[in-house]
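All remarks here apply to the structure that follows.
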Amino acid sequence: MSAWPAWTVVIPLVGAFASWLVGRKSAFVAIASALATVGVTVVLALEVHARGTVLHRVGGWGAPLGIELRVDGPAALLLVVLGIVTALTSASAVAHFPMGRRRSTFITLWLIAWAGLNALLVSADLFNLYVALELITLTSVGLISLGPSRESIRAALQYLLVAILGSLGYLLGVALVYGECATLDVALAGERLARGTVSSAAFALVAAGLSLKSGLFPLHAWLPSAYANAPSPAAALLSGVLGKAAFVVLYRITGETFPLVLDAAPAQIVGVQAGAAIVWCSLLALRQRRLKMLIAYSSLAQIGYMFLAIPIGTPLARAGALYIAISHAAASAAIFTATGALERASGNDSIDALPGVAQRNPLTFFSLAIGGVNLMGLPPTGGFIAKWLLVRAALESGQWWWAVVVLVGGLIAAAYVFRVLREAFVPAVPLPATADAPQLAEVVSLLLAAVSLLLGVSPSWPLSLAMQSLGEGP
Amino acid sequence: MTFDWLLDATVAAALPLVAWTVARSVALSRAIVLFIAFGLLSALAWTRLGAIDVALVEASVGAGLSGALVMSALSWANLDEATVARRSVIARAFVAAAIALCLGAVLLGVPDPSEGLLGDVSANLGDAGVHQPITAVLMSYRGYDTLFELVVLISAALTIGAAKSARLEARPGSDLLRALADALLPLCIVLSAYFLWRGSNAPGGAFQGGAVLAGGVLVSTLAERLRRPRLTVWWIRAALVLGPASFLLVGMPRFVEGAPFLEYGPQSASRAIFAIELGSLVTIALVLASFFPGVGPLETAPDASSERTRGHR
Amino acid sequence: MSLETTLPLLVLLTSLVPGVVIFFLPEKRHGIRTLLNVGAAVAKLGLTAVMAAGIAAGHRYETRFRFVPSADLVLRSDSWALMFVVLSAMLWLATTIYAVGYLEGSPERSRFFGFFSLCVASTMGIALAGNLVTFFVFYEMLTVTTYPLVVHRGTREALHAGDVYLRYTIAGGVLLLAGIALVYALAGHGDFTEGGFLAPLGERHRTPLIVAFALLVAGLAVKAAIVPFHRWLPIAMVAPAPVSALLHAVAVVKAGAFGITRVLYDVFGLHFARDLGVTGFLAIAAAVTIIYGSCAALWQSDLKRRLAYSTVSQISYIVLGMAVYGALSTIGGSVHLVHQGLMKVTLFFCAGNLAEELGVHDVHDLRGVARRMPLTMAAFTIGALGMIGIPPVAGFVTKWYLGIGALEAGEGWCVVVLLASSLLNAAYFLPIVYDAWFAEPRIVFRDRVASAEVRLSLLLPTLATAALSIGAGALAGFSWSPLGWAKRIASQELRP
Amino acid sequence: MSQWILYAASAAATVAIAGVGAFVAVEPVRRLLSINIAYSGVFMAFVALARRTTSGEADPVPHALVLTGIVVSVSSTALALSLTRRLVRATERSGRDSSSSPDEREA
């Protein structure tokens, strides 16, 4: 038994309370706890890499009575990468919010959200996952509501109402699972669940709730305005990290609780939704005039790629979905941070306004471009690795149509990404000398883009973690 | 026996009916009143099902607090917007019926009888440090959940407080209210302490106690018997996070020594749990009170309206 | 960490690292940027020389990283890779010097040279790739890094060209990826093997293999500009001359042709591909492209567009040579990889010189231009004669081997195609050459400013590549000439 | 018919009715009411399932889960109401003077 899983939750939580108590000067506390949290997750990942799944019994009780924290390879990978992205993104918040109440509220909410995220990643208990999901939902809503306009509040409200509706479905599914097998432990429930109506219905409810929370097609229309109207650091956190929470839960329980249901009809329905999300949301992204809306829709399409792991179902596909999750986390955080910086410089995030600002801030635009290449799934970014794994998995499992969907999605992504990138080459009236992006945000977005590149250039370590629980690791 | 059955059947049938009426009410005020009625009805259902704790919390927090919150929405909600789509009633009824049938069929398909985790819970009560099974689950077996639940409460309060809290539109401030508050606050404190103490071996605990205390704080603040605490004061902020902080503080020493997180040790378990419940009670009371606009402790700037009412008085 | 395991990586890094560094250099640091560019190009040339010597001496160079399951990132140098690498390294040096002169005083040079270097790095990766996944990684990097070069000028026309370029190449990339994934799904790996590795699967997976071949070749044909995927190439002409030179001579179209070569020889194996019955289609497509490109070139009055259609036609010589079964045509195809590069880069340099010095773009304005710019036109003449296939310029060697190769394989119709194409080549090149030397000027040319007819940084690379075009043809008998190397390749690939 | 079945059926009907209501509702407060009722239905399912024991003593774990669930759902209700209220006020304010951006004063 290792203490590290609990530490990944305790440290950001203590940091959140400390920053809350310190008040205005919370930035130092934030930096310290961010460094400590990332450090702990790295140590944990190394331990998982060396020794396999790490277990912690909270309170010493153990399943089924108590709650167990179990960190397998995928969870460790997500802990590290999402942790790094979270830490980097929040650094840009310092540039975004002037010192004051909004900044300290952001910091506290961000640390709580991080604690919730880590709790979600390490937890092996169905109900604890629900509580962690709700924690993430509420902090996400808080982060969105810090936005500048009335639209932010409207978006936050909409986000909250849809998210709790999604949790409702999940919770009902959990009730069924508990009723059927008298345990809330994900793996134990998986052992006790037989193939049948109850398990299929429970999966359908859980999947419906979680896909609603993720904004999977066709119930996606509520999400883009949340991303587009949140403050940029919050948008980066949401689309990069927190928006993946529901998927991560589904990923975990499809692997451990519902492996039997995967070849049944509900999984194929999820697949159709995912495919439609990839194509339709990409097409919608193509039509947007605002950069943030475009990225928001593209995030929805990327969510679709992740959900493809469920119908394809092979270890390779699951690794691919996981890889989409981590590389998109870095890429979309990079893009949102860069967009926020450019928006600062130009006053709005309209695509038409890009030419001037892109030429004044080439490095910021450069990170935007790398993020864009990641969205297209082209090398040398992590997006390519993910796409490769998914396409190969689809072909190997004989379900070649999913490969076609993935490739078509990549084509449309290229269309909307280059619609943005080409603006950098349009000669424009030079902007006034003040139109520079905040330097901190520039550095942060470059670092995030570097993470995405690193994932694309050196995927073997992350992949060995991603495939560890599936018996292909060292 | 038949009476029991009849009562159960009535309650069970009434619940979906009330739910339907809430959704179908044209006037928002009517929907809200029915919503509170639904809460009380479900509290009744839960007592029937032997879930006294749940019924208590539902009556105080669920129906009571939520009901009051929603009720306060009447004062500012734009009632003109309250529209109910009339045309699709049949379609909706049909869809709802279909879903209800499927859900019901699945729910009734679970094994019966089933002991659940009853046996495990009872067998480990000795080590848990409390005699009341639900308190044992909440504070010991699944104390980790409770920790997060408190954090959820706090983050909601934080977001609500992040916007500058607006003043309450109609402030009563009458002598009657002040007299009531003077009598109520001590009563609430005593009552919540009682709930807390009782929690270790009978229904009751931090939540029920916290809800009661929140009510007292609420009335007193409304009556301006209690100063509005400010977030700029550090101990107010500390009090708000006392619940989860006490979880961490109590759990930390043994955790650092190498024991599992939130393992209190067999000897000190009951004391540890009591300390945590005490902290949680403070957090819950403060946070719940803060949910009410213009009342809670999350005022950062002196409010112009309080000066005005004071002058008026 | 011996030279055996690091040399391919070093060859790649000598253009990758300068590319990245240049992005972060301030726009005004011309001196450092030029030094970095030329220094890196020279260093790369040196490294490739070491590599060539090593391979001739029997060493094997391979850099391998763990990448994705069942596909490492492999950079290794076999004979074919070396041929492409040496060509790219030489032409990179020439083009860099040319580009430094050509873009003097224009804006956004940091961006230009950054992407230019990355583009060459991608080409190096393509050349050295040891399996399909590695190939694809660099192939797509090439797509992304050439886009900024195509739209460099930022005009409406340039942006349109960029859009068209992307539409074709990204779609091609998708087809290629699908094909590669199919190969991995069927065979479990995609490591380039001399003689191919798919033959054992032929019994059970005939249809999927044909699909895979179609996907792979269609994806690659986009960059190789084979009809009907050729339309982007003439439109991409709006890019600055050095870019066109690079696109046409080394980077993009060659990447496509080289990829087709790899697929035919090292994935399927020529023998197995013939058994599958797919080479015939490829040969026909190549023949159609050869004739179509030559015909279309006849009607172009813009010099660069005429050269572009000529490229469309010439690249398919390579494909045709590869697709026709037999050692001699393999030699012809692979040697044309080098020959076409040298000749076409010369022609584009000349077109750039004419445009830069005199502002001349239309072929009709070239009358009498040789009096004003004799050296440039001499280089142009050499390139043009080579394209037609007149000895001793390198193009003759190619056509000779292609012709006798086709006869050896019993594909007599190919000879007809080659002859017809040569006639057409003559029809669109000879009038230009004749008019330039012997006709009276139609327009008044600007007076000479510098001591030479054009800036030396433009003139010297032009003359150098022209000289190489003659050298490659005249010295074809030596074993270290492109032809000698191509013979070596053919003997390895088609070992019985 | 045993007691838990009655309530489980009631829970199913409540969740279905309120869930559909939540999907259809336009106005936030109404949607919130429906969602809350639907949650009560889910909690009812938990509590009913806890009643299947042979001894007559209910399984305490679902009860504890429901307690936690109620508190979580109260938090989100309060948050949703607070946001709705801010939205209504911001709309009113921008209706009064369209010149100033609604939430600037809160910054």
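Chains here go by letter, A, B, C and D, matching the order in which they are written, and residues are numbered from 1 within each.
Basically, a residue touches a chain if its C-beta (ideal position, glycine included) is under 8 Å from a C-beta of that chain, and two chains touch if they have at least 3 such contacts.
Bear in mind the structure is a predicted one, so any value in this text is a computation, not a measurement.
Participant: Counting C-beta pairs in contact, which chain pair has more, A-B or A-D?
Facilitator: A-B
Participant: From the C-alpha centre of chain A to that of chain B, how far is it in Å?
Facilitator: Measuring from centre to centre gives 31 Å for this pair.
Participant: So, what's the distance in Å between the C-alpha centres of chain D and chain A?
Facilitator: One centre to the other, that is 26 Å.
Participant: Could you tell me the distance, in whole angstrom, between the mean C-alpha positions of chain C and chain D?
Facilitator: The separation of the two C-alpha centroids amounts to 66 Å.
Participant: Using mean CA coordinates as chain centres, what's the chain B-chain D distance in Å?
Facilitator: Those two chain centres are 12 Å apart.
Participant: Listing for chain D: what residues touch at least two other chains?
Facilitator: 15, 19, 32, 45, 49, 61-62, 65, 68, 72-73, 75-76, 79, 84, 86, 91
Participant: In chain C, which residues are in touch with two or more of the other chains?
Facilitator: Residues: none.
Participant: Which parts of chain B, given as residue numbers and ranges, touch two or more other chains?
Facilitator: In chain B, 103, 107, 110-111, 114-117, 121, 141-142, 145, 149, 152, 155-156, 159, 163 touch at least two other chains.
Participant: Could you run through all the chain pairs that touch each other?
Facilitator: Contacting pairs: A-B, A-C, A-D, B-D.
Participant: Quick check: in the complex, which residue numbers of chain B touch chain A?
Facilitator: Those in contact with chain A are residues 102-103, 105-107, 109-111, 114-117, 120-121, 124, 140-145, 148-149, 151-152, 154-156, 158-159, 162-163, 232, 234, 237-238, 241, 244-245, 248, 255, 258-264, 300.
Participant: Quick one: which bits of chain A touch chain D in the complex? Just the residue numbers, please.
Facilitator: On the chain A side, the touching residues are 102, 127, 130-131, 134, 137-138, 141-142, 145, 148-150, 152-154, 156-157, 160-161, 164-165, 168, 171-172, 175, 178-179, 184.
Participant: Chain B touches which residues of chain A in the complex?
Facilitator: The touching residues are 1, 3, 6, 10, 13-14, 17, 20-21, 23, 56-61, 64-67, 101-102, 105, 108-109, 112, 115-116, 119, 127-128, 131-132, 134-135, 138-139, 141-142, 145-146, 172, 176, 178-180, 182-183, 196-198, 201-202.
Participant: Can you tell me which positions in chain A touch chain C when the two form their complex?
Facilitator: 316, 319, 362-363, 366, 373, 376, 378-380, 384-385, 387-389, 391-392, 395-396, 403-404, 407-408, 410-411, 414, 418, 421-422, 425-427, 458-460, 463, 467, 472
Participant: Give every residue of chain D touching chain A within the complex, in rising order.
Facilitator: 15, 19, 22-23, 28, 31-32, 35, 38-39, 42, 45-46, 49, 61-62, 65, 68-69, 72-73, 75-76, 79-80, 83-84, 86-87, 90-91, 94, 101-103, 107
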